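Notes follow once the structure below has been shown.
Labels run A, B, C and D following the written order; every chain starts at residue 1.
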C-alpha cells in the first residue's frame, strides 16, 4: 500500500520534471535549428519562477477556477498513465477514463478563457475545439484498434502483453495505427504546423491573451503535462512501455524530437487546412488499422 | 552573468528570476522597430539572455519603446503600459523618446516621454545597434540587482502628476485612472 | 398503497387543480406542486413490489391490467420526480401568462399518462395512456401560438402515424394469440414464426422509433422542443422521448425475451445489429447539426436526438453491460437534459431571448443557473465526475470487448461533437462580455433555482456514487434474464477492467486542492472591470468589442454541403404530394348540392341501363 | 505626344499658360473658374489618374497654390511609347486671406482625403465636399500647422514645455 501512495505522490512530480525538461529542450533545439545560441535548458524553470512572482490580472472567479480545473485534469491523467513499472491508479477505468479526463484540460482552459471576454480568446477557443475535433477522429480509431487488438481497456495490461511479446508498433495491424498516431502527435502537442489555436502573431496567443503572472505559469505547467501525457500514451501503447523509468524516458525523447524538427521550420496551417489534413491521411491509416485488427483479431 | 550561481538563486529568487526572464513587448512606433528583428534572430540572439517577444502586455514585463512617439501613439503606449502586470520595466530606444531628438520642434511628437510614463533605461543613438540594446539589457540587470529599476513604483506613487501630464498632452482619456485618487476601489497595494 | 390509487390520485389531481384554478391561482399552484410531490412519495414507497392487478370495467369486457415490476418502478420514479421539479419550475415561469389553468391541467395529465403507460399491464391500456400522452403533449407544444402551432401539427401527425402502426401490431397480436396481457404474451410469442415476429417488430418499432426520435423519424423533435414552453420542453425531452425507450425495452426484452431477440436474422443483417447501427448513426448526424444552431433550445433539441441514439445503442446491443449502460444513460439524460432546458428557460425568462448570438456574460448575473448549466454540460459531455460518464463508460466497454469497434467509434466521435456544441452553449450564453441591454437582468427567482440545484446535486451524486442506480438497473437486468454484474457502490468491479469513481473523485479533489494552493502561492491578482482587456492599446468600445457569432465558422464551411436536412425535405415532400392529390379530389367534391344530385341521377340511369341490357338480377 | 496635347489645350482654353519643362512633363497654370473644365477635358483625353492634389503656401505674394498632378493610369504598359508617358501638373492660385475652392470629388472621387488633409493642415475649405472633418491631428490649432506663419518652436514652448517633469515624491 505504501508503494502505491509513493507512486501517487511521485509520478506527477516526475511527469512535471520530464515535461519542463522537454519544454527547455524544445526551445534549445529550435534555437539551434535557427542557428541561434538559444536559452539555457532551465529557462522554462526561470520563466515559471518569475511568473509566480509577477502580479496578474483576473476577470472573475470562473477565470481562476477554469485554469485550476484544467491543470488538475492534466495531473489526474498522469496518475492513470504507467511510467515505467509504476501505474498509480490502474484499477479504476483504464484507457476510457484517460480519454475522458484528457478533455478536462481544454474544457477548463476554454471556460476560463471564455470568462476573459476578449475576442482573441474566443477565436482561440473556437480554433482549439475544432482542431481537437480534427485530431480526435484518428486518435479514437487508434485507441480502439489497440483496445480491440489486446481485448482489454486497461493500459497496464497492454504494456504487460507488449513486455512479453514484441512491441505493438512492429506487429502488423498496429503499425498503421502507430504511424497514424505519430502523424497527429504535433496536433495534440500544439507544435508548429498545428499551433493555430495559440498563434502569437494572428490572435495574440489565443487562449493565453489575458493570462498574466501565475495564470501563465499554470498554463505552461499544464502544457508541460500535456506534452508528457501524449508522448507517454504513445510510448505505452506502441513502444511497449518500459521496465524502468530511464528506458521509458529515452523512448519518449526519441518520439518527441522529430516533431520538433517540423515545428522549427514549418509555417502554420489555417484551421480548415489542419482539419482537412487530419481527416485525410492519419484517419485513413487509423481506419485501415482498425479494420485489420478486427479482421485478424477475429 | 551570475545566472548559474545557485546561492544567489536561493537568496533572492524573485530578483534573479526577474533578471533572467524578461518577456519583452516592443511597440512598433517609429523607425526603431527595424532594430528589433536582428536582435531576436540568428546573428544577435536575445533568447540567450532570456528575452523572448511576448504577444500581449499581460504576459510581458519589459516594454521597449522603439523610435519617436507621436501624440496619437502616446495614447496606445499609456494604455499598453497600464495593462502590464506589476514588476514592469521600460526601455526607451533612440534619442527621440529622450528629448524629442530630430523632431524636437515638431508640433505633433512627444518630446520627453518620461513626463508621461516612467522609463527605467535609455539607449542613446539615432537608432541604437543591437549591441547597444544588449548593453542596455545588462545595465537593466544591474539596476534590478540594486533595486533601482523602480519605474512602476514611481508611477504608482506619483500617479496623479503622471495622469495630469497625460491629460494635458492628450485631452480627455477614455479609460478610468489606474490607481484612483481615493484608492478605495483598486486598493493600491 | 396499491397501484390503482396512484393513477387515480394522478388523474384526479390534474382535474382538481384545474377546478381549483378557477377560484384562486395561488391555491392551484400549491395544489399542483403538492400533487406532484405526493406522486413522488407514493412511487418511492412502492419500491421492490411486483404486483399485477386486473380491473374489469364495462368497456366491453377488456379489462385494465396494472403491473408493477422493477423496470416500471425505475421509469415511474424518474417520471414523477422530473414532473415535480418541472411543475415547481413553472410556478414562476407561468406566473403572468394567460391560460395557466389549462397549462397546469395538461402538465399534470401528461405526467399521469406517462405513469399510466409505465404501469400498464396489457397493450390496450398501454395504447390508451399512449394516446392521452400524445394528445396532451400536442396541446402543450402548441401552447404559445404562432410557429408553435406548426410544430405541434408536425408532432401530432407523426405520433398519430406511430399510434396507427402500434394499433395494427396490437390487433394482429390479438388475432393470433387472443390475449393482450403482456405476461401471457411472452411465452406464447416465442412459438410464432420468424416472419411474424419481424412484422411485429417493425410495427411496434416504427411506433416507438417515432416517439424516441430515432434517425429517420426525428423530424418533429427540433421544432417541437424549441417551440414548447421551457418547463414542458424539459419534460418532453427528459421523459416523453423515453416512453419510446420503455416501449423498446418492453417489446424486445419482456414480450420477445432475450433469446428470441438475439436470434432474429444472422450476423450483420440481424434485427439487433440494424437497430445498433441506427442508434450509432443517430449519435453522429444530429451532433454536427447541433453545432451550428444559433437558438439555444433548438441546439438542445438536436442534442436530445443525438443522446437518444446512445440509449438505443445501449439497449439494442444485447449484453448485460450494454443494457445497464443504456438504462443508466436514460436516467442521466433525463436529469441533465431537463437541467439544461430549465437553465435555458430561466435565461429566456430573465433576458427575454434565447438567440445565442445576442446573449453573453450572464454568469455574473445568474450564478446559480450558470453553475447548473455547467454541471449539465459536464454530464452531457460525460466528464468523469458526472453520471453521464459512467453510463457512456459502460456502453463503450462492452462495445470494445465484444469487438464491434465501429459502433464505439461512432459513439466516441459523437462525444467530441457534444463537447463542441455544449461549450458553444455555455460560452455564448454565460461567458464573455455582458451586453448593455442585459445589464439590468437580475437573479432567477427561487422557484426556478430550486429545480436547477436539485438536479445538479443529483447528477453529481450519481456520478460519484453510481452504485445506487446501478443496483436497481442490475435488478432490471436480472429480471430480463441477463447474468447480474457485480455492482459496487462506486462502479463495476470486474477483472476485464473495473470502474472506480471514488478513486477518480478523491484524485481530482486532492489534486485540485494542491493546484489551488499552488495558485494562491503566486502573487495576488487584481480583479479588473470588463472593458479593461487587451486590444492592442486601442480603446475598447462598449458592447462592440466582444460578442460571439458564428462560433464554428471554419467547421461550418467544411461540412455545409453535408448538412441539408434530408429527412425534413422528404416529409415535407410527402405532405405536399398528399395535398396536391387532395386538390384533384376537390374538383369532384365541389361542395354544392347541385353536383351531388346530378351524380345520383347519372348513377341511377347507369343502373337501369345495366339492368335492361344484361338483366343480372 | 506632348506636342499635340499642348496645342489642343491652348486651342480650347484661352487664358492658360502651357509650358513643357522636360520632354514628359507639361505644366499648365490656369485661373480658378476654368480649372474644373480643364480637369474634365484631361480626364477625357485619357489622363484618368489624379496622382496628387497638394497645396503650396506662397506667403510673400500672399496666395496659396493648388497643384493637381494627372497621369494616364495604364501608361507604363508596353504599348505606350516612352514619349507618351506624361505627367501633367495643373496649378492655380487662390487668395490667402479667406481661402476657398470648389471640390473636385465629382470628377476624381479619390481626391476626397486629399482635400480633407489640405483643409486640416492649410485651412483651405472646399465647398461641396461630402465630409470635411479632421483627418490626422489630435489637437486643435488656431493657425493650421502647415502654413508658413505657424511658428512651431513657439507652439512647442507653450504646449509641450509647459508640461512639468514628474518630481518623485519619494525622494
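Criterion: a contact is a pair of C-beta atoms (placed from the backbone, for glycine too) under 8 Å apart; a residue touches a chain by one contact, two chains touch by 3 or more.
Keep in mind it's a predicted model, so treat the numbers as computed, not measured.
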Which chain's mean C-alpha position is nearest the mean C-alpha position of the whole protein set? A
Based on C-beta pairs in contact, work out which chain pair has the most and send it over. A-C
Between subunit A and subunit D, what is the gap in Å from one C-alpha centre to the other? 62
Compute the distance, rounded to whole Å, between the mean C-alpha positions of subunit C and subunit D. 73
Geometric centre distance via CA averages, subunit B-subunit A, whole Å: 36
Per-residue multi-chain contacts in subunit A, two or more chains: 53-57, 120, 204, 209-210, 212-213
Quick one: which residues in subunit B touch 2 or more of the other chains? 56, 58, 83, 86
Multi-chain contact sites of subunit C, meaning residues that touch two or more partners: 523-524, 526, 532, 534, 536
What is the complete set of touching chain pairs? A-B, A-C, B-C, B-D
State the interface residues of subunit A toward subunit C in the complex, per the touch definition above. 8, 12, 51-60, 62, 64, 67-69, 71-73, 75-76, 79, 89, 91-94, 96-97, 99-101, 103-104, 107, 110-111, 114-120, 122, 125-127, 129-130, 132-133, 136-137, 140-141, 144-145, 147-148, 151-154, 204, 209-210, 212-215, 217-218, 270-272, 275-276, 290, 293-294, 297
Please name which positions on subunit B make contact with subunit D in the complex. 71-72, 104-108, 110-112, 114-115, 118, 153-154, 157-158, 161-162, 165, 168-171
Footprint of subunit B on subunit D - complex, ascending: 136-139, 141, 145, 150, 152-153, 155-156, 160-170
In the complex with subunit A, residue positions of subunit B that touch it: 3-4, 13-14, 16-18, 20-21, 23, 41-42, 45, 47-48, 50, 53, 55-56, 58-59, 61, 83, 85-87
Can you tell me which positions in subunit A touch subunit B when the two form their complex? 27, 31, 34-40, 43, 46-47, 49-50, 53-57, 120, 200-201, 204-205, 208-213, 216
